[in-house]
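Questions regarding the structure given below will be posed in turn.
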Amino acid sequence: MRHRIVRWLADHLVVFAGVAVLGYLFLPIAVVVLLSFNRPASRLSYSFNEFTLDNWLHPCGAGDLCDALAISAQIGLLATAVATVLGTLMAFALARHRFRGRSGTNLLIFLPMATPEVVLGSSLLALFVASAVPLGFSTILIAHIMFCLSFVVVTVKARLAGMDPQLEEAAADLYATEWQTFRRITLPQVLPGILAAALLAFSLSFDDFIITNFNSGNTVTFPMYVWGSAQRGVPPQVNVVGTAMFGIALLLVLAGELRRRRRPEGPPVAIAETRAAALVADAR
Amino acid sequence: MTALTGVTVGQAPPPATPPRPRRRLIAYLLLLPGGLWLALFFVLPMAGLASTSLYDPAGSLETGYQMTWEWRNYVDALREFWPQFARSFWYAGLATVAGLLLGYPLAYMIAFKSGRWRNLLLVLVIAPFFTSFLVRTLAWKTILADNGPVVEALRAVGLLGPDGRLLATSFAVVAGITYNFLPFMVLPLYASLEKIDRGLIEAASDLYASPATAFRRVTLPLSMPGVVAGTLLTFIPAAGDFINAELLGTPRQYMLGNVIDSAFLVRLDYPQAAALSFMLLAAILLLVFGYVRRAGTEELV
Amino acid sequence: MPMSGELRLVSVTKRFGGFTAVDDLTLTVPQGSFFALLGPSGCGKTTTLRMVAGLEEPTAGRIRLGEADITRLRPYRRPVNTVFQSYALFPHLDVFENVAFGLRRRGAPDVAGRVRQTLDLVELSGYERRRPAQLSGGQQQRVALARALINRPKVLLLDEPLGALDLKLRRQMQIELKRIQTEVGITFLHVTHDQEEAMWMAETVAVMNAGRVEQMGPPAEIYEFPATRFVATFLGKSNLLAGRVTGTAGADVTVEVAGGRFALPQPRNRASGESVLLGVRPEKVRMARPTDVVPDGHNRLPGVITDTCYAGVSTEYLIRTGWGQELSVFSSNATADSPLPPGTEIVMHWNPAHSFLLDRPQGAEPEPPEPDEVAASPGSRFEEVR
């Protein structure tokens, strides 16, 4: 009997370790949720003081927090839209066409992903300053589209590469013209990939601080707001926003997960895999 | 049996039809807008950064800069900031190793032991991304705070002196970096572990390999693509990070990112900032290409 | 041959949740024999094999190898090796390292020499530095075999090892496997769903169905005298006629099927009850014109050809009996006669010693209706049906 317990423990050791790591991943989120119900003792206090619902009832009660959120949302949506369209077009070119300069194009798409954000942000700042472009909403947007683009290309390209090419051949065999094949077969097949890419782009844009920091001028996005308030004391409403974002996103993903119950490989894995594969393959 | 050796299994090579000119034109048209964007807002700034790094440091934003091919900018920047430079790579390396040690068991559990919970667990791994990076990092401030439960527990068991603290130490910065990029480690690891045929591990076990040996000889080598991808995805952003050092550390923990940030935005010393950025980029790219080349040819299938 | 190395499964049961994959299985595999577990997919044969390998633990029962009880032994502690269905060759190791894997784990001496010798045995010398992906299916199969054999296991387990090969290659590998087994003298436990493969290669075949062994014995015995309805239809084809035992006549049992009478020798009778299935293999049935002379003592059954399939060595006929059942008959094409066209009326006849009698399980073939108004021979009834 003791032998069996030891064996069971040995078999499940990795499970205990894995759950512990998950706990590590979720600890700060738990703290964020907790602090969203906190009435802080002082402006610079980071510890839990007293339970309150005030922060949830007045989420916009902390300075320009909601303005910053609105700007982040606008930039996120615009950057996502442009990057998704441009990136999808590039992905199609790379996955479905042979042309001279393929490897050069692949490198052009790989390099922004391998470049630290500090370098991306500072180089753009140098460009904008040198060409006297005023910093603000539009420069943030330009920067966000630039760094989201590569991730969109890689995600959609992977989806296209995973598609059975015989599907398109079968459509052609069944009297579909090139446009009809694209419209009826290719696009529906690739759509989940495009959607995943758009979600990724939005989350990258919405959460970006480092690149934005260089190119924002006086425009304050949500991460900029948090950064600024970190110096002066973070209002608890920031934690409300963090909790709400987490809750909404989790619900969305879980709903999507339930809908695609039968397919084991969802966007999260696809994204990770494509990012990883792209980095490894292209760096070679 | 000799007849057998002559038998080859494989598909016929794909028919080598030359692309029609019209289709090639379409390809270029599809690439044009995105390519233009990257050329304008990635390649051009990089070139600008390169030339800025060689400007005469005597200039300023108001008076303008002179191109004097000042290679000394690099030497000066390195002489002045080599501790931050070294610290960036040291912290990034530590965080990468810590991330691998933490991420591997989690990825392994999801790939091999999770059964029908697999999708839920994957969602949980990416869930931290749903809250702001900054907000989560600030939460670590609460967790590691001087009068927080973690510090008090460590003081109670004597791992930390009565005045010992976690916040504003190298430990806090590395822990924060590790935490922030852990999902980037776990997901590629999971993806490559999940691809491993369970039969291979059974075969190893059938061939006298204990679970530990089977892991070392079969599972680990086959998961190397994930290890390579995960370490890169962690190391690259970690080396350029300055948020963790700023929020969880003190100027004594500052990394190259902090220096670049203040050189561009506070000190307005553009040539030096550009030289530092360029050195960071060059160092990372050298490291990445060297690493992938080594791991790629020797370990990957 | 000493009995010390025989493999014995005693009342082994394996349940997965509510599903019983292997049900109270008892089996003895003599040392040095070539033993085949034959059955359809899902019959529990692979689970049985995996329990012997140690990759599954039995829910109940014991597994012994010689004197040792290996029921709970972990796979890497068992002197048993497996050739996996998918081969499970390590893709990151070359052929040499794949084959050397087991030896290295056990710290055996002279790895290089033994690998060379084993690769010679499977005729793969010169392929040492290839990766599995660079080999053809047949070559991969032989690497998998070498990788298991090199450890000189007490029992070699083969899990559908030839399933992924094309027909021609499979035949060659079957001959090859038999040669190697004779050469090394190791006990082979071979799992397959291919009845021809099992009969061709094994000295003893155990036919499994729904977690149980239906029949075990030499291939010829199982084929010629199947013990159950399942064996009769899974192993080759059988024509089964539902009927009743009516009595005995000398050394014979008499059976009535739809008003017709058939006889067969008492030793060919496995039935204990009255409700029976009379079986006869398609190639044992011969055909005659209604006017031809049928050999003395043969059972006769008139019918009409509904389909003729020319298959090279033989022609396969479908023949409808008076009560509408379709029987099959294989007729050798040894003579140059042209096949009979559909619609031809014929009389099927067979040597009673070539037929067999089984208990009719409940829910099996319903008995054809008695031709109540026609007491005459089934032939005249047949006219009516038309």
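Order of writing sets the chain letters: A, B and C. Residues in each chain are counted from 1.
As a convention for this text, a residue touches a chain if its C-beta (ideal position, glycine included) is under 8 Å from a C-beta of that chain, and two chains touch if they have at least 3 such contacts.
Computed from a prediction, not measured in an experiment: that's the story for all the values here.
Contacts between chains trace an open chain of neighbours here, each touching only the next in line. With centres defined by CA atoms alone, the chain at the far end from subunit A is C. Taking each chain's centre as the average of its CA atoms, subunit A and subunit C sit 57 Å apart. Our note on geometry: subunit A versus subunit B, Cα centroid distance of 15 Å, whole angstroms. Listed for subunit B are no residues, as none touches two or more other chains.
Those residues of subunit C that touch subunit B in the shared complex are 53-55, 74-77, 80-82, 84, 86, 88-92, 101-102, 105-106, 123, 131, 133, 136-139, 147-148, 151, 169, 172, 176.
Contact residues on subunit B toward subunit A in their complex (touch as defined above): 19, 23-24, 26-28, 30-31, 33-35, 37-39, 41-46, 48-49, 52, 61, 102-103, 105-106, 108-110, 112-113, 118-143, 145, 147-148, 179, 182-184, 187-188, 190-192, 194, 211, 225-226, 228-230, 232-233, 236-237, 239-243, 247, 256-257, 260-261, 264-265, 270, 273-274, 277-278, 280-281, 284-285, 288-289, 292-293, 296, 300.
Residues of subunit B touching subunit C in their complex: 1, 3-5, 7-10, 197, 199-200, 202-210, 213-214, 217-218, 221-222, 299, 301. Against subunit B, the residues of subunit A that register as touching in their complex are 10, 12, 14-15, 17-19, 21-22, 24-29, 31-32, 35, 46-48, 86-87, 89-90, 92-94, 97-99, 105, 108-109, 111-112, 114-120, 122-127, 129-130, 142-143, 145-146, 149-150, 153, 203, 207, 209-210, 213-214, 222-223, 226-227, 230, 234, 238-239, 241-243, 245-246, 248-250, 253-254, 257, 264, 266, 268-269, 271-273, 275-277, 279-280, 283-284.
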